[in-house]
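Contents: one structure, followed by commentary.
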Amino acid sequence: MAAVTIWNEFRHEREDDEVAAVYPDGMHETIADALSDHGHDGESDHDVRTATLDEPEHGLSEDVLERTDVLLWWGHEAHDEVSDAVAQRVQERVLEGMGLIVLHSGHYSKPFKRLMGTTCSLQYREDGAKERLWVVDPGHPIADGLEECIDLPRTEMYGEPFDVPEPDRLVFNSWFEGGEVFRSGCCYRRGSGRIFYFRPGHETYPIYENDDVRRVLRNAVDWATPTEGAPRTFGERD
Amino acid sequence: MAAVTIWNEFRHEREDDEVAAVYPDGMHETIADALSDHGHDGESDHDVRTATLDEPEHGLSEDVLERTDVLLWWGHEAHDEVSDAVAQRVQERVLEGMGLIVLHSGHYSKPFKRLMGTTCSLQYREDGAKERLWVVDPGHPIADGLEECIDLPRTEMYGEPFDVPEPDRLVFNSWFEGGEVFRSGCCYRRGSGRIFYFRPGHETYPIYENDDVRRVLRNAVDWATPTEGAPRTFGERD
Amino acid sequence: MAAVTIWNEFRHEREDDEVAAVYPDGMHETIADALSDHGHDGESDHDVRTATLDEPEHGLSEDVLERTDVLLWWGHEAHDEVSDAVAQRVQERVLEGMGLIVLHSGHYSKPFKRLMGTTCSLQYREDGAKERLWVVDPGHPIADGLEECIDLPRTEMYGEPFDVPEPDRLVFNSWFEGGEVFRSGCCYRRGSGRIFYFRPGHETYPIYENDDVRRVLRNAVDWATPTEGAPRTFGERD
Amino acid sequence: MAAVTIWNEFRHEREDDEVAAVYPDGMHETIADALSDHGHDGESDHDVRTATLDEPEHGLSEDVLERTDVLLWWGHEAHDEVSDAVAQRVQERVLEGMGLIVLHSGHYSKPFKRLMGTTCSLQYREDGAKERLWVVDPGHPIADGLEECIDLPRTEMYGEPFDVPEPDRLVFNSWFEGGEVFRSGCCYRRGSGRIFYFRPGHETYPIYENDDVRRVLRNAVDWATPTEGAPRTFGERD
């Protein structure tokens, strides 16, 4: 059982009726619910808490992060309002071992850009067309229990080039109805921390209600949970 | 200027009128012509020879391979007729530094399977539908001079999963009209040799007449040409 | 709990008194004992069987491999006596998901060379000098519970270059008293199978009695155990 | 011929007589001299300029960076005095394609840490003992023309763990007399830019006078020089 913190910007849901209709309690609550599903052998019950931008320290105090095994991150319109101090704190915790799952528009979040070292830019088109995520790495634990692909009938398009470091492991590769492709599930390790970027998710489509997407979220939490490890000893040596 | 050998199975062209109409002199001659194009600053003129399955030793004697910097490989219906001795000889030369460019159905060739260590299996559908190859790594020399994607109006589909080791570098990612994706340009190093798998190419579509595909072939030859290197010293050490 | 098969050539122990003194019941029994240690939270008790070269089908029938989650492999003087059929069977099972842990001189075994696609050559010197394995990836589960390095007072030296594909992940990097280095813990995935090459181990030094080495073996078995996965569907597609 | 800018902190040489004795004109001038050596087929003559910390904008104006193909970076005691604006400018230029060669204590420089996303920490001991750099990737162009290893009789030790992302390619692996190892030559790509971290170099040992080290610097400049590339198009797409 991992200690999971779900961070959500939580602005769209309070500002936009269309979004509120999809995620009335905020996207973080829907994701929290997904992590409690018993689809994964009943083993995926985690100790889940949530945190949002407008809480003090964005809900990510040192104490909260210290007690978090895996952090999920959804942000979009207010990336710049995340303080540099909190972004750095998240980065440092990942290097110490905390897992990080970055969702959808979180590709432009401060913690992800800091950890990747690149612009994390991409192409996009908000056309509500079809996406199909192909499992390109059927042996990866994040793909456990999936079929060969996941179909999402209506979504926003993200297209290549995606300016990130070559992933350690590519798990999903997306096809879009309009003619684009995108590396939709990218695994990285930085320091002792596991990072998974997962593309699906949007404020106006009910992506996090999709059973396969929810399964991926649970699998990703399991994968990103830190293990015991060996000492990270730095500095002057006798 | 690299010494390039283009290996072609050269059976379809002699057995099938439809294929002969597309490649009357054999696919190897069309590829040889592509490598002589002056599109790449006039610098891509290589010393090009060809070799085919039905020549003695399949045209790949030790002497020929010894003098080859980069070998291109197209095969399809007669993979099994390639002798194990020649397949092993190609593998060994790659490990010593010879570049290898594997084209289309060559994914199932003996040298490629030996070098990858996997089944190199995939999904396919011969539907003559559209393919779009996205450049996912715009900084890679194999993408030099391309636009953001290459459109091929009619081709055979290859779909994931593609059972190869995670590429060192993915250069192209294909979108197919029928709903599939495929990692279409995969870079590997094995020993001192550079290996590039490039998906486009089929016996009944004139893929190797496409200007962008021809440019990729020239770029790939430049990229795969061995450099001087350092000693590969093995065995007992004093 | 994983189903583990420990494969040992089991010739040195029967032919050489010096080796028999170190491993009186065969190296496989010592390794089996290591996997049953309760050092790893008491969770590492696996269903362990052994197999050796001189058994029918080298003890690796289709049925045995079908029921094996993780296979460990130690061989040295009789690599060539392993039949190609069994080597291919092991390779295929790895691609389907079986974990493979290759020990010491097993770098030259048929299954490992087939899966790597390279010569797997290296330099060596049998001098009985000191080795120190540094943990270069403290966040890797194979390093769980270790200190920053493992000291082995007397061992055979293996030196670079090690002709293997660039590892997906390097866990250990060895220092040798005589002036050499070696990438001693290399992780790969091929198909759905996890592969770990671990250098320590020799027939005349009691390496597999070392507590840290035993811990690595247990950690590696845990890491290499297959998960559920997604379908590996290949071939023609409608 | 590449346009090369050598950046040096240039403080030790002006503050410390011992350092001034080794590098009387500053380390940047010695490195500039190395890049002009005719050892590499006389082809390594680049258009070389230098820049130092105490120049306006640290000598790295937008115009200078715009005209730079490959930037070398040596810094040590004054990393914090490099302005964030210049560090960001260097990072952005690398993502656009500029090569970056980071030397020795430059592992802690702002541009390198920004591009890696990790702490870039390590262990060290200033003991003036022997280092041997093994070529672990003899087919890499940065190793062109070297022997199997480079011996440096007196140097500072750097030891693992080195908190950087797993290199795309490891070229050198160092052995230290005192019992440590270190990944001494690490290749990365970020965006369209090639990055090479090269460990050797210290202010009080004449490392950059070593012929093999000088050859590596020339090889690395050749390797890191950008090619033409394809468009990096980001943002909204029709």
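Letters A, B, C and D mark the chains as written, and numbering starts fresh at 1 in each.
One rule holds for everything that comes next: a contact is a pair of C-beta atoms (placed from the backbone, for glycine too) under 8 Å apart; a residue touches a chain by one contact, two chains touch by 3 or more.
On a predicted model such as this, the values are computed, not experimentally measured, just so you know.
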Interchain contact steps from chain B to chain D (minimum; 1 if touching): 1
Homomeric contact chain A-chain C: same or different residue positions, threshold half: same
Where chain B and chain C are represented by their mean Cα positions, the distance between them in whole Å: 34
Distance between the centres, which are taken as Cα means, of chain B and chain A, whole angstrom: 37
Chain A: positions in contact with at least two other chains: 135, 138, 148, 159, 161, 166, 168-169, 180, 189, 191, 232-233
Complex interface listing, chain A residues touching chain C: 97, 135, 138-141, 143-148, 168-169, 189, 191-194, 226-233
Complex contact set, residues of chain C against chain D: 132, 134-138, 148, 159-162, 166, 168-170, 173-176, 179-181, 183
Of all residues in chain D, those that touch chain A in their complex: 91, 95, 114-119, 121-125, 157, 159, 161, 163, 165-166, 168, 180, 188-191, 232-238
